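Every chain is named by a letter (A, B, C, D and E) in the order it is written, and numbering of its residues begins at 1.
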Amino acid sequence: MSQTTARSPNEPSTRGVGSRAPPRHPRPPLSRLGLSPGKRTRLKHLLYDHGPGGGTLLVLPIDQGLEHGPADFFANPDSLDPRYQYELAQEGKFSAIALHIGLAEKYFHEFAGDVPLILKLNGKTTIPSDAQAFSPLTGTVEDAVRLGADAVGYTIYVGSPAQDRDFLQFLEVRRAAERFGMPVVVWAYPRGEAVAKKGGKESLYAVDYAARVALELGADIVKLNYPAASEKDAESPAPYNALRLSPNDAFRKVVESAGRALVLVSGGEKVGDPELLNKVRSSMDAGATGIIFGRNLWQRTSADALRLTRELHAIFREYAQAPA
Amino acid sequence: MSQTTARSPNEPSTRGVGSRAPPRHPRPPLSRLGLSPGKRTRLKHLLYDHGPGGGTLLVLPIDQGLEHGPADFFANPDSLDPRYQYELAQEGKFSAIALHIGLAEKYFHEFAGDVPLILKLNGKTTIPSDAQAFSPLTGTVEDAVRLGADAVGYTIYVGSPAQDRDFLQFLEVRRAAERFGMPVVVWAYPRGEAVAKKGGKESLYAVDYAARVALELGADIVKLNYPAASEKDAESPAPYNALRLSPNDAFRKVVESAGRALVLVSGGEKVGDPELLNKVRSSMDAGATGIIFGRNLWQRTSADALRLTRELHAIFREYAQAPA
Amino acid sequence: MSQTTARSPNEPSTRGVGSRAPPRHPRPPLSRLGLSPGKRTRLKHLLYDHGPGGGTLLVLPIDQGLEHGPADFFANPDSLDPRYQYELAQEGKFSAIALHIGLAEKYFHEFAGDVPLILKLNGKTTIPSDAQAFSPLTGTVEDAVRLGADAVGYTIYVGSPAQDRDFLQFLEVRRAAERFGMPVVVWAYPRGEAVAKKGGKESLYAVDYAARVALELGADIVKLNYPAASEKDAESPAPYNALRLSPNDAFRKVVESAGRALVLVSGGEKVGDPELLNKVRSSMDAGATGIIFGRNLWQRTSADALRLTRELHAIFREYAQAPA
Amino acid sequence: MSQTTARSPNEPSTRGVGSRAPPRHPRPPLSRLGLSPGKRTRLKHLLYDHGPGGGTLLVLPIDQGLEHGPADFFANPDSLDPRYQYELAQEGKFSAIALHIGLAEKYFHEFAGDVPLILKLNGKTTIPSDAQAFSPLTGTVEDAVRLGADAVGYTIYVGSPAQDRDFLQFLEVRRAAERFGMPVVVWAYPRGEAVAKKGGKESLYAVDYAARVALELGADIVKLNYPAASEKDAESPAPYNALRLSPNDAFRKVVESAGRALVLVSGGEKVGDPELLNKVRSSMDAGATGIIFGRNLWQRTSADALRLTRELHAIFREYAQAPA
Amino acid sequence: MSQTTARSPNEPSTRGVGSRAPPRHPRPPLSRLGLSPGKRTRLKHLLYDHGPGGGTLLVLPIDQGLEHGPADFFANPDSLDPRYQYELAQEGKFSAIALHIGLAEKYFHEFAGDVPLILKLNGKTTIPSDAQAFSPLTGTVEDAVRLGADAVGYTIYVGSPAQDRDFLQFLEVRRAAERFGMPVVVWAYPRGEAVAKKGGKESLYAVDYAARVALELGADIVKLNYPAASEKDAESPAPYNALRLSPNDAFRKVVESAGRALVLVSGGEKVGDPELLNKVRSSMDAGATGIIFGRNLWQRTSADALRLTRELHAIFREYAQAPA
């Protein structure tokens, strides 16, 4: 496994934009995932029948109003109205929109059938201390079924002192999802004091562990952040404290750790277009199934966001795989 | 979104009392809210068949005996007997009276059919410390159904360290309400140490976040306080620490953040008539659906309270909308 | 409401023993209480068919063995055997005996049909610290139904830091009682550090608040202690810190705060006969429905207790009301 | 009640070994206990059809492997194998063997029908701190029914800071036992910091309180330790701090406090034969129904244990009562 | 029981490799274990129909990705892909593979029918503090039934301050396993501050206690570590602080304490072949039923691991017992 040897951190991509060389790390095909008929039906809906298709996922999340508060909408005042994101998802032909029960019950009915829904089932505000990070349930798998959703989303704070409660809460979500054939997307976020002491929440150690936890606990899809190398990596447990991986290799590593859980790359804070598109291509090369970009899209004007979305579709077409 | 730019904080209203200019911010019509038949039936009952009608809400709360203790009744000793509030709601043709199970079971039967009931489902006393603010359940949605209520009320302390438990408790209320087609009114109150450190519970930051939380968690109606600008706003997270909004613009901002959750304005402590009526008109201009005034009404003598109520009806008639 | 003005603290009763002047504060008639048929049947059983009748209640509690330990029985060694209290309740024609499940299951069968039963559903020992006062369940409403009880009893520690759990536990009791038509008697006791800082558990502030909490949460009957004025009242919140009420006026105030929850006066520690009978008469004048005296009765010899009981019956006959 | 007056602490027994004078304190007959048919059937099985009979109980406990660890078995290595205790119970004709689910499921089937089973339902290890003493469930009443047990056992730590949880857990056990007609044996152990400060867990104050708690909460049988007078009794609450009772009178006192809960005397650590037999006789004189001796029996060789058991049978025959 | 006397700590084995002398401590036969038909069927499947057979168990665990993180896979990068372990279990003819729900749902279907499954039902990460060690559920017995597993695994942290919760969680697992006839394998791990103070988690005191706890709580199979003598044993409670047992005698002791719970020996960190094979032989001599070796096998290359596995099979054949 070559990732464990040191490389130049800025290794250039070997493929130009538009080249059709096969991705170096293929995505796991649906037929290998041991899916129940219900999960397979809904995943095929997301991966092939909507959005860019070809086995990819382009997801628009709008849970920031709960997670960060309305502050995130000031950059683009239109985005305060949830219809903005729904319309962007509809016009931009996203694979799905991901949001909480309130935004689903009050707005989704106008887009039902056009925009697939991932119902986010837990969340919290940023107001109280994050020391015991835990996201309580805001919705249920039954809500998702009733609303016609194609998947549910759940945030696990890997490493939090509240990890016990989190695992137990997730267990009930996973079981209900199994009962109803509902795919489960796990937002796998390292968090908490112990994480901070072992290299931080963006360290390869933490993200790599989080990817594996999601796989072990039964995620069908896992949302991961790009690991970010820093001086604090020296505090990570061995062998992570000695690794020197390029960002792309580090991400490829975590995709491998996620195994047969399909990987969505997180967008994070808004960045420039070239950086963003580069990240998408690298992620797909690494074996990711798709991206989940929020602020990077809906903090733009509608026209700008749709232009960027078309570029994303173009990239995704390069990575299309037939269903199997 | 012009609210995000600084304005003169005392911007005068552009409409005089009694003028019939259309409200600047229309209220969301029932037909757009994705309501189940049960919720729509009961909301129509409250918004059109009782009270001022025309899609407005005039709610009389009497939960202060639990929340503040009997101290609130000294200003008007008659108000200690819950019949005082029931009779005021009946004679003043309120849209609903909002109270806890004990006052519902022992008194409502004499007013059933005349005064719609919003059964408040959780509450607490002021005696123990508020540091971990949390309101435990005092009643259930099933109680509300049995008693013929048209909605249930629930207090969420947004930002409290006990927010986890609160969200989970609310989840069960929301689900039961969904099952029975019962509208949910959320008292969205910022509270707790972290709120105090970020500008306080009356800051625009806190109230705006609370409004969005109510929307995201699935409130049908949200009760909000007017944000109050203060020096502590400088401690709010960006961009709130730099905003300079007039009270009316600040309130208009939080109504927008509440999205398709209908907004009730809280009365708070008793104030003078002109100030009160001004607040009502501004609120309705901002897109509020109605008001929930307790001490401002039942701390007055019966005659005085009814006189004021008639003035409120007159204002509400200006804001009537046909059902849609 | 004259109670809020200062009076002489030792205002003498205006009626002599045996005078038949009507009580100044009538008790709420059953027909106004919004009772289900089951609750009404059982309450009529207690208020009219047993004990002194005429709408009054004379209750003998024997939960001190759990609440205080066997120490309370040393004053009258015969009282250690629960048959002593059962026989006293039977021979003294009490409205009911109130006790925990163990004493009900092992002894009640010998008195079934003669002595109505109030099954006390929660309790605790005095051994561990009272700082987080909370009484866990020891029995259930279903137990009460199975045993043929006519009511259940529940202790709420108003103001305790454990108030959250208490309210939630009470909710389940109240709901089960509703389901089975079983009246609920609430022992409403102010307790906890915050109460101590606001005037103490015997302050008018605390007792008055406790009375209202019981009403708001759905008590059918509330057991209250007489407020006791003290220097610590100055620490009570306004306006209580400035009130100067006679003991009788203070009690009349809390009876009003209890609204349509019928009031039982607590006996407390054993006192002399004149003081006791005076307290009973004052309580009934104030609108109480009856008394719940334990140690004041069963710490006496059988002959003495029965003599006193006859005097209590005589007083209660003065306050008889026809059912309505 | 003469116990409350001081006596000589070493008052000699007035009856010699083998004398047939009637016990001074008769045991409560089954017919007075208000038992359901199921409980009465099973108790009669234990009290009359097995063991010494005549309404007595000779119980062999083997829960020390969980409560103390394997250390207790070093004194007699054969005792490490649970068959040792089963065979002792079988050959010694014990009324029952008391143990946890693991020892029941894996060994009881070979002795089923010969040795009645008391399934112990909760327990803990000695490893973590005892400060918040609480024994979680290890089995259920349903397990007991399935295995053909004649009773269940439950440890309550009276006075522990975890008393709340304990009472609630016991409530569920008692209710299930009621539902299935299964007698409940309560191990009533004073425990915790507050107990230590009030005279200690062996003080008369603590044991007396524990006996009453077991009665009030619904125990059918209660296992009690002999109170042990010590200097720390001065720290017990009044009147216990001033009592000077002989060991026998102290035990007689706690048997009275247990009321209609049948009393089993605990053996405690291994002691000499004369002391042990004396304790048994005194206990039965005091109204105990039987004994529960573990280490005092199975820490002996098989021959020695059986010889002692025959002596116990002989004593118990003196105390035989006909069923009633 | 000779173990309780001191011996030379390095007592050599009296049998050479390949000798067919009977094991000194026979394993408990299935027919004596009081098993339900379902448990017996599944255990026979594991003990006789798969793996080395003859009543032995060779189990491959792959829960380290959750328990330790992906760090454990760096020694053999191929092992990061769970197929590596599945294929090793299949080609090496293991009795079972033990893993969590995510690895079962996504990979087991390709090996179903070939490799028996032990579904591990609880787990945690190493990230947060271990002070209150507790493994929350990650799967359920129903999951195991649905997937066709032949047993479930559960980790109990004996001695942890969270022992209460652990016992209660295990109770529910055991009950569900009883209901479905599913054998329960307990990972019995001493853990926590109190364990550390009493000789540590590898002390004979701690491991011996853990073995007995597993038996008492109802384990069908218990996974134990070899006790490791150290200076800290002096801090163990008597008589452990004075014991001087050879490693083999110490292990024989804990196998006896486990009684009729079948014993699996843990491999622990990777060690050399001679040491490993010696440990296996000693364990089987001591009465163990088999081994559960993870890192010692899958941290090797496939060829090396299979070669070692064949040696293990050869040893196990020496210890074959006919079913009874």
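Note that in this section a contact is a pair of C-beta atoms (placed from the backbone, for glycine too) under 8 Å apart; a residue touches a chain by one contact, two chains touch by 3 or more.
None of the values given here were measured: they were computed from a predicted structure.
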Intersection of the contact lists for chain A and chain C: B
Between chain A and its twin chain B, rotation from the CA superposition, multiple of 5 degrees: 70
Rounded Å distance between chain D and chain E, as computed from the means of their C-alpha atoms: 37
Between chain C and chain E, centroid-to-centroid distance (C-alpha), Å: 60
Residues of chain B whose C-beta touches two or more other chains: none
Overall pattern in which the protein chains touch one another (line/ring/star/complete/other): ring
Chain order, ring traversed from chain C with chain D following: C, D, E, A, B
Footprint of chain B on chain C - complex, ascending: 1, 3-4, 32-34, 158-161, 163-165, 167-168, 171, 174-175, 178, 190, 192-195, 198, 205-206, 208-209, 211-219, 237-240, 256-257, 259-261
Residue ranges of chain B touching chain C (in the complex, touch as defined): 63, 65-66, 69-71, 74, 77-78, 80-82, 99-103, 105-110, 123-125, 127-129, 134, 136-140, 142-143
